[in-house]
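Two complexes, one shared chain (subunit A), two partners (subunit B, subunit C).
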Partner chain A sequence: MNPALPARRASALGFAATLAIGLAILFGAPHVLDTFGLVQCTGFAALAMFGLSQGFVWGFAGVMSFGQAAFLGLGGYAYAVAVINMGDSSIPVLLSILVPMAFAGLLGYFMFYGRISDAYIGVITLTVSVILFQLVNATSGSQYRIGAAELGGFNGIPAIPALNAPFHPDEPLDIDGIWYAAMGALILVYGILRAVLAARLGRVIVAIRENEIRAQLIGYDPRLYKLIAFMLAAGVAGLAGCLYANWGGFISPTVFALPMSAQVIIYVLVGGLGTLVGPMLGAVLIQALIIAAGSQTVVDSNLGLGLVLVGFVLLVPQGLLPVARSAALRLVARVRTPRPGKAADTFATERAR
Partner chain B sequence: MDLAGLLAFNVLTGIATLILITLGLGVIYGMMRIINLAHGEFMMLGAYTAVMASGAGVNIWIAMLVLPPLVVGLIGLILERTVIRFLYGRMMDTMLATWGISLGLIGLITTLYGNVVRGVSTPVGSFDIGRYGASLYSLVILATALSALAALFLLLRFTKFGLILRATMQNPRMAAALGVQPSRIYMATFALGAALAGLAGGVLAPISGVSPAMGAAYIARAFITVLGGGPAIITGTGLASTLFGAINELVSFKTTPVIGDVALLTAAILLIRVLPQGITGRYLRRSL
Partner chain C sequence: MTPPGATLRPLIEARGVTMRFGGVTAVADVDFTLGEVELRCLIGPNGAGKSTFFKILTGQLKPSEGRIRLRDTDITGAEPHAIARLGVGIKTQVPNVFNGLTVHENVFVAAGRRKSLARTRAIVDETLTRLALTGIAGRLVGQLAHGQRQWVEIATVLAQEPELILLDEPAAGMTHDEVHRTAALIREINRTHALIVVEHDMPFIRMIAKTVTVFNQGRILVEDTVERVLADPRVRDVYLGKQAA
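Moving on, here comes the complex of A and B:
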């Protein structure tokens, strides 16, 4: 029997379960939660998508992007500027995906085709997001405007028009509508990324992460595939930025700032590197913790985030979801066979980085 | 003419500032291949040390030049022993851990001292370049940067400690076989890098707002300069600082400091596309 089969079956099962839970949340939340809870969950969905983008590029392509916030911010600002100018939100949503992708294409070309090391990629992406932050921060004053949209410097852009029904600017979505859009988009993007990973493209991307030289010798160009993965993730982060801007109707340069990039890395690290569900769970978990910590004023929330980051790197580097999953599989294997079963072993080796 | 003189002076100051903020990062990266993402926060701690010490009545020069490197060097030593040493050989994990330290330090200082901007007054006045006034304090920065660079060179090139340091970085196993404890050397190197970051923070405290998040204003330039410089610490830092510092100052002079930073970043990305290992990865490879 093919030893990879149980792992693949478990993976398909996980996909189906995630979709089912996602859909249940999508349609269940508006009935269970009050307006405030629903708005909060919309924010969680936006940040979960941001986590998904980092989880994909880091966990599956092995690209250490330390500045994923740059794409979140670009997406958010692209949406805000475009929707203020156009009035209709359909094309701005597309722009919020395409602008970060184009920027990632340009930046990624220089990084991947320069064949710089992983650490350099981390530093350059981080630097780019810091400098974008400083750049947007410095755009206060009415002379910095794109069409009708004033960039507003550190005050950001207030009163961003919300999403509307496609090509019907006179039918803006209400709070429920935005929730359906955000959570629906999250499920859709998760499905698309799963499909990408199951397709040849995704398999090559993972193969390059596993062994770049070997993949290259077989005839794949690692530079190109890394660039594609980087751009895909940037598009996802951009859409997350669009949802984020819709969530509060407001965007400010802090979306580009370092704490944002750090947070998304913590989502992935806490949830589980090399999974797609982990980063989403991590986002909700960490965000809920930040909100809980925000209600007290004794300790700054950065302190907690820093401790979580150091603690996970030192003690649980693989993240919560893989730990929980391998524990569950070991339990199942022990119930089925007297000795620890093979399924858990192959699964563990497949998941090991 | 006066303007050219002032501009030249500003370019020199810009280069010196860049050397100062990069050197500590360069020591840790060049020697240990660790990118210390908490570098900006080490500088912030140095600046706080200077502010607190001068507030407590310590002589301003001691508060700026002596105490920050000592205090931050000690903090670096403690962090190396408690966190970093478990992660050697795992580059990504060290970056993540130092990032966690960075957030933790920002949070800690915010909790202790509040999210307010403090400052110390500049201890010296100004002088004239023709019709323009220039700050004498720039000369202090210039002198500190050059002495730090020179002292580091002398330390690495002519002392026994420097020799052991370089040997350990080149081949830790061989060094261990000859009776050196690599873990001690790593500890000392990390503390040295932290101390240099503290010095930079202390010296820059009078000319920048001292706040918990001040590190972010410097790290972009520092990181990119280290990458541009390549593996040789002193030559690399010196050359890359000169190149990027000049670009930064000249563009800032024509436009705004933010555009100057953008120009610096663009120049660095172009440079890294051509020389992926940095300047000293291709040229002057045998230099220090």
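Moving on, here comes the complex of A and C:
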């Protein structure tokens, strides 16, 4: 018998539950929500995807990227520029994933193979996102154009053509269609990341987070695995950028800006570091809070949000999901008749000897 | 039953290995040879350079001078993962394990490099049974006692199926029973594998050792059979802190 089985069964159960809830939301939301609500939820899905990216690279690979917005922005701009030039959105969607991945490959190669320490990886990624922000911000004027797409500097790119049915540019998606695309993509990417983590690749990535020296001493090259994880996360962030650009039909350099990178770290902290579902929940919760804070006038909205965040870090440092999970497990344990586990039993006799 | 070493190609051979940290020379001009399926114990007082020498052999440190060969391959200054892939496994002095993973996952990751899933599972089951870890396979390694963590680390080393196994203080922090089991395990491993064991525990050395190399102040003081080394007054002197001038 495999003693790791109960834990694995619980994890599989969690995966199935998440998938079921995700699909219920995917197909239920268009029937329950009005147009405004559905558009808002499409935005949530895009930012949840962004949270997923940070949650993967930070929580599982242990790479503290402080500039994940760089990849969000690159994905968004890659989509916008490509779709304006091509008309059909099929290849631009792929580019929104591949361009950030290629950029992350180059940046990551120098960081990981150059043996940059963890703290400096935070500094470098942060700096790169700020440089990209300044760079794109300075592209005002019609001389800054890529093909038919004017970059537009701080004004950004307006009127980005929305997604269309694959290879049918004459069939653009409506609001419902974009919701299905965004939420469907979120569920798909979540599934892919779960599969990666369950596979050998994911196990090695997590093992390297746990102990890089041991991983090396059993023959794995940590630099390669960190680079792969960093590139995967960049691709996810890029797709989030594509959805984000689709959601508003507009993109501006603020996607590269510091608040974007900081916000996604907050999604992960609030939702739960080391989980995939947590960062998605965190994204939705924080975005909903930001909207709620903006629509009232009693407290300054930024101050209110700041207080909520400080409260979280002090009171629920593990994040929402892990706390909810352990509470649920305690409940289950109380309901069941207490019986000592086989593993604990053997351990106890071993100690007593 | 060891055939005369001079005629055989050694498993590992270090020549003139020196390691300097700033003004401190931790390992000084060490020549060291280990044959196939040989068991060697390294002893010596704290700071004698044993662990530093292990780090050089496994690529964690690049020697300032000297060359190291593993069979036909020059591994001087190679990356640790490259040396590990050539068949060198090490249990470090301070346990290096994956604390956030279960015992099973620790061994699985070590066993699974470039092997089929079925083969990996077979190795994991075999290793867990061999080290009597099956009962705690589902527990997080970070929650285990020190002695058990040592065994988990030994299990990960065995699971990677190395040809040369380095054990840095395998008996440290273990109970009397665990020490005996460790000694038996080392003798069993040695039937098919070469080992180098660093240890301070003299009764333990007597249980396992055939040949002993004594390090002192970064140099090899003496290398001989266990009886002669332990009877050597110079060895006693360095352990008591008296330095042979």
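Quick note on the criterion: the second predicted complex is superposed on the first by the 313 of 353 C-alpha atoms of A that agree within 3 Å, B and C clash if a C-alpha of one lies under 4 Å from a C-alpha of the other, contacts with A are read in each partner's own complex, and residues count from 1 in each chain.
Everything that follows uses one rule, which is that a residue touches a chain if its C-beta (ideal position, glycine included) is under 8 Å from a C-beta of that chain, and two chains touch if they have at least 3 such contacts.
Note that the structure is predicted; figures quoted are calculated from it, not measured.
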Checklist entry - Is A:146 in contact with subunit B, with subunit C, with both, or with neither (first, second, both, neither)? => result neither
Checklist entry - Is A:217 touching the first partner subunit B, the second partner subunit C, both, or neither of them? => result second
Item to check | Per-residue touch tally on subunit A - higher for subunit B or for subunit C | outcome: B
Item to check | Partner chain in contact with A:203 - subunit B first, subunit C second, else both or neither | outcome: second
Checklist entry - So, A:127: does it touch subunit B (first), subunit C (second), both, or neither? => result first
Checklist outcome for this item: After superposition on chain A, the subunit A residues reached by both subunit B and subunit C are none
Checklist entry - Which subunit B residues qualify as touching subunit A in the complex? => result 33, 35, 37, 83, 86-87, 91-93, 95-97, 99-108, 110-111, 115, 212, 216-217, 219-220, 223-224, 226-227, 256, 258-259, 261-262, 265, 268-270, 272-274, 276
Item to check | Interface residues, subunit C side, partner subunit A - complex | outcome: 58, 60, 79-81, 84-85, 89-90, 92, 96-102, 104-106, 108-110, 112-113, 134-139, 145, 148, 153, 156-157, 160, 177
Checklist outcome for this item: The subunit A residues in contact with subunit B across the complex are 64, 66, 107, 110-111, 113-120, 122-124, 126-128, 130-131, 134-135, 137-138, 257-259, 262, 265, 269, 298-311, 313-314, 317
Item to check | Touch list for subunit A against partner subunit C, complex | outcome: 2-7, 200, 203-204, 206-207, 209-211, 213-222, 342-343, 345-347, 350-351, 353
